[in-house]
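Both of the next two complexes hold subunit A, though its partner changes from subunit B to subunit C.
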Partner chain A sequence: MDFRNVYILIRKEARDSVKNWWFVLYTICFSALALLLLFLASSRSEIAGFSGFGRTAASLINLVLLFIPLIALVTGAISISNERENGTLSYLLSHPITKSEIFTGKFIGLLLSIWFSISLGFGLAGIAISIRGGGGDISKFLMTAVLSAILAASLLSVGFLISVFSKKAAKATGIAVFLWLVFIVIGDLGIMGSTVAMDLGIKQVFILALFNPTEVFKIASVLTLSPRFEVLGPVGIYAFKTFGREGLFYLLLSVMALWILIPLGYAFLSFSVLRREEL
Partner chain B sequence: MIDIREATKNFGDFKAVDKVSFSVKAGEAFAILGPNGAGKSTLIRCILGTLDFEGEIRLNNLDIKENRKEAKALIGYVPQEPQFYDMTTIEVLNFFGSIRRVNKERIERVLHLVGLKEHVFKSTSALSGGMRQRLSFGIALLSDSPVLILDEPTSNLDAYARADLLRLIKKFKTEGKTVLFSSHRLDEVEFLADRALVMKSGKIILESTPHKLGEVLGLKSKLHIKLPQSSIKTALDVLNENGFNNISLNGNKLSIELSHKERILALRKLLLAEIPVEDFNVEEPSMESIMEEVQQNGL
Partner chain C sequence: MHYILALIVVAGVVASTTKSVAETYTVSPTGSINSISKAIGLSKDGDTVEVEKGAYKGRIVVDKSIKLIGIDKPSIDGQGKGTVVLIKAPKCTFKGFLVIGSGESLTIEDAGIVLDSAPDSIIEDNKLEDVLFGIYLKNSRRSLIKNNVIIGKDLPLPQRGDGIRLWYSPETHILYNHTTQTRDLVMWWSGNTLIKGNKIEKGRYGLHYMYSNDNVFEDNLFIDNFVGGFLMYSSGIRFYHNIFARNQGLATGYGVGFKDLDDVVAEENLFIDNRIGLYLDNSPHLIDSWNKIEKNVIAFNDIGASFMPSIERNIIVSNSFIDNAEQIEVRGGGTLSGNKWFKENEGNFWSDYKGYDENNDGIGEIPYLAESLFESLVDRYPNLRIFIFSPVSQAIELASHAFPIFKPEPKVTDEYPMINSYIPEKFKGFKKKFSMGFLIISTLMVFIPLVLYFYLVKKTKGKVSD
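So, the complex of A and B:
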């Protein structure tokens, strides 16, 4: 792999993101809502035992859960399908550049763009907290930002997998939005429904939760922020007692890493090695 | 320079390219003729390495399957309908220039060559069809690749832009580039190509020099001439005297069916007889008629 070509693609994707008004709008909304949540959260002295940076980070979890999966899934889903549909991918491939270089450059470029949005939201909130006198543990705030970045990477990977197997950008977007609904809206209800319908034990419910990257992020974030593991509910208590705080945290991190590596690896192999017919 | 041996491409049960073999020498201009769906574009995409295929394709002795990237570096490609990113002309050239590892001076030179210097800051979406094709041609010239591959480069251009692009291609052919292009226009093939092959349903059905192609097929062109009403009778007499018999008359317009090499001869005879020709045009045989001829005569 020629990393100069990868770098050219990274630069192009980053530049395209800045020119994409949807992406700019998303970044502005995410940053503005992060600041709004900061002020709403700071109007109360303490929420569930959090204060300062910790309190803001706790407020940001729901915002992250709403925004980041959507933008990462959709951005990933249209990344290759759109180029395939409008013919630019075929034209690009007529030049001395390989599919693996294109895939890698596009993924890193888009991931950096999403990370920039996350950094801007968390960064502005962090600056505002510091100006207002700070308080709380900044490392927890930073860890939430890092977990958000990992969540973005995992869902971008899923988005790329959708993209590799979609000939039309509209179809890819539809699948991405449906998956977002499954992960965010139906996810919790699904776990609850399955628990009741199939009479699942706590262990099975915990395993089921690991199949949803947004659930994994939620548990890891709460585990990072809260000194009290009861906040995690009965499943959390089970996991906490089984693996310990540190063990559970590393388990969740590993699961999130798998959520990045498995879809991304499969998408990479399918696009770069196996499928050449669709162009 | 280009060696193709038994290249075959299947899409499911459909054979888009069926055991195609031919060679193109360095500095030669080679045309692939054929109607829509003949397999021309698929064959070109196999040569570019953007489609997998059975058989062997070598560029400058490099096997395209084993040295895809190195082989692609030897090719400048002009697609039928170039699709660019949402960038300005100069941004597009810089982007592909960086992939081709060329410097700013070369990009400047290419801008000059394809006459787009005044449009560098125009968005590619604001460029006319002719300009887009020129930009695509400019990208193909960026790294001064020895091989130019053009997939029906003039199919979406008006007459002026078409003539303009053909002159440009001819210029680079004269300078020694190997040119492989597909077309469904016989006049283009005659103007540019040293050799041509005709494809149908994925197979080569004829390979010849372009001028012999018309002869071999016995193709007829139609010369349409507009004359003053008062000159019609004299013109008919002149044409009959010179052996042009397949003439139809519609108002003050004469239509003469001619063999490929007689096209200009009839016009010359009229001008020599001082008959005032108001307008004329030549209707080339369609690709369909070529195919019909090929099928009937079984070449």
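So, the complex of A and C:
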């Protein structure tokens, strides 16, 4: 693998993402909403010197949970399928460049673009918070941003997996939006339904929740932002007591790492076995 | 004849006063009286024993009504055995000492200072360290405990003793003390007491009433305990201007818990950042009793107020429920319609109220209804609380609004929700901290991506056009 080629592709992707209307729109929406939410929520963030895990943190987590998976899944899904549909992929491959270089370059390029927009959104929100004087602990705020970046990486790799198996960008986008719904609503709804219907125990609910990367992100950020874990109820207390604060955090991080590595690895293998005429 | 009688009486009075003229004994490590016990042995009722600075080993027993005054905080060291200071006579004063090193037996209740049948006594300006129980009053009514600092032993909670314990000691005043790392501040069968201006931290139950009626506590701070105040089996408790903060014990973690409590008046208290701000269990339990909970601020708790099912006859008005993750919980589900959530055009402030105020009278035009489907699901299936803050919780709310068939019965109906929160003056006026580091890092987070982006895009243009 020639890293010069990869570097050129990274720059190409970065430039393409600015040209991509959807991507710019998502970034603007995310930043604007983050700004607005925090301006509204931090107005009553402190009484008598105490502040809690209030609406500020909850709204930030919610915003990340809604937007980041959508951006990551959709951009990932159209990344390869779009070029394949337009024929630009075979054009690219006619240059002295390998498929693994294209894959790596695309992934890193898009990941950087998404990370940039996360950083932008969090940065604007952070400025709003510090101007309102509701600052608090910067390390917690940064940690939430880092967790969002990891969440973005895991869903981008799921997006790539969709992209590799789709010949048309429209189909890929459709699947991505459906998966987004599954991750943020339908999956959790399913667990909630089974908990009520089948009277699932604490352990089962916790294990089922671990299968959803967005839920894992949420638990990890509550763990970061909240001084205690009881806010997540008996399941949270169980997880906290079983693994301890650090152990639980590493467990959640490794689940997210698996969510990056497995789909990405599978996508990479499938992409590299594709024959030239299939592209 | 009368004159003679009067003379005899006067002579008698003079004689008795001269006889009991109060004497002062001075104890110092180098003086002729070098132990406190020796001075107590020499003294009689009404005398004063002054103790100069020094380290005095061994436990002491005060069996006369005397004043023990420490000068420059002399220390009394129990050397890890039994109770350090035992006061057994009424009207004693014990002031200005450092009391250290009690035993560690919970069964014989080793303490720093014990008042046993010593009513009308004063315990003031002492510091107690490394003691199992702190100050323990048995059958000692009308006593005063003021300005003491009590630091418990660094033991696991089940092995600790109470910071201050009252046992059949009514009318006692507990003022401006500070206890840390102890178990409870507890009163057993002690009514008509006043507890004011204390700071109680890192204990089990900050304040604990057992069968103690008509008590008042105000201006106290209960922080970092398992439970701020657990008030049980009592009636006529009134409390004002207290702060209950960060009480976060596992499974408990109440700011204040009521258990079989009647005729309570709670006004202008702050319940903040606890697991559960206010917890009501079978209170009031008498059929003709009403509890009044008014003008309190309940903010930033995981659950604002938690009720056991079928709690009735509480008047909960003019409180501000601010940004609790769940405002009201009914354990096991159900409604709280047997309580009064509003009276004469005044309800409570709810930070999640979505109504409006058309005529600017500070009261919302549509009622506040606590009828969240997600919350009522969580109340019935606590395991589902793991999904709090997830988009799925909002999706469920949305569905219940779109299809009212799913809507649960409202837990609370407040016909006159307040538009503005009411925060008592005492809790205002804290300045927010402005963090320059926060601003700088946030600004960097905005500009670094922009610069990198600009760099990447510009260079690529050049390369590609080659």
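Everything below uses one rule, namely that the second predicted complex is superposed on the first by the 257 of 279 C-alpha atoms of A that agree within 3 Å, B and C clash if a C-alpha of one lies under 4 Å from a C-alpha of the other, contacts with A are read in each partner's own complex, and residues count from 1 in each chain.
In this text, a contact is a pair of C-beta atoms (placed from the backbone, for glycine too) under 8 Å apart; a residue touches a chain by one contact, two chains touch by 3 or more.
Since the model is a prediction, treat every value here as computed from it, not as a measurement.
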Look at A:I219 in the shared chain and tell me whether it touches subunit B only, subunit C only, both, or neither; answer first, second, both or neither.
second
Let me test your reading of the model: by the given contact rule, A:K12 touches which partner, first (subunit B), second (subunit C), both or neither?
both
Between subunit C and subunit B, which one touches more residues of subunit A when both complexes sit on the common chain A?
C
Return first, second, both or neither, reflecting whether A:T242 touches subunit B, subunit C, both chains, or no partner chain.
neither
Contacts for A:Y91 in the overlay, against subunit B (first) and subunit C (second): which applies, first, second, both or neither?
first
Have a look at where A:I129 lands relative to subunit B and subunit C in the superposition and call it first, second, both or neither.
second
State which residues of subunit A lie in both footprints, the one left by subunit B and the one left by subunit C.
8, 12
Once bound in the complex, which stretches of subunit B touch subunit A?
11, 45, 48-52, 68-70, 72-73, 75, 77, 79, 81-86, 95-96, 98-101
Okay, in this complex, where on subunit A does subunit B touch?
4-5, 8, 12, 16, 19, 86-88, 90-91, 93-98, 276-277, 279
Using the touch definition from the top, list the residues of subunit C that touch subunit A in their complex.
243, 245-246, 248, 250-251, 253, 270, 272-273, 275, 297, 299-302, 322-323, 325, 351, 377-378, 381-392, 394-396, 421, 423, 427-428, 430, 432-439, 441-450, 452-453, 456-457, 459-461, 463-464
Give the list of subunit A residues in touch with subunit C in this complex.
8, 10-12, 14-15, 18, 44, 46-55, 58, 61-62, 65-66, 112, 115-117, 119-120, 122-127, 129-136, 138, 141-142, 145, 184-185, 188-189, 191-192, 195-196, 200-202, 205-206, 209, 214-215, 218-219, 222, 227-228, 230-237
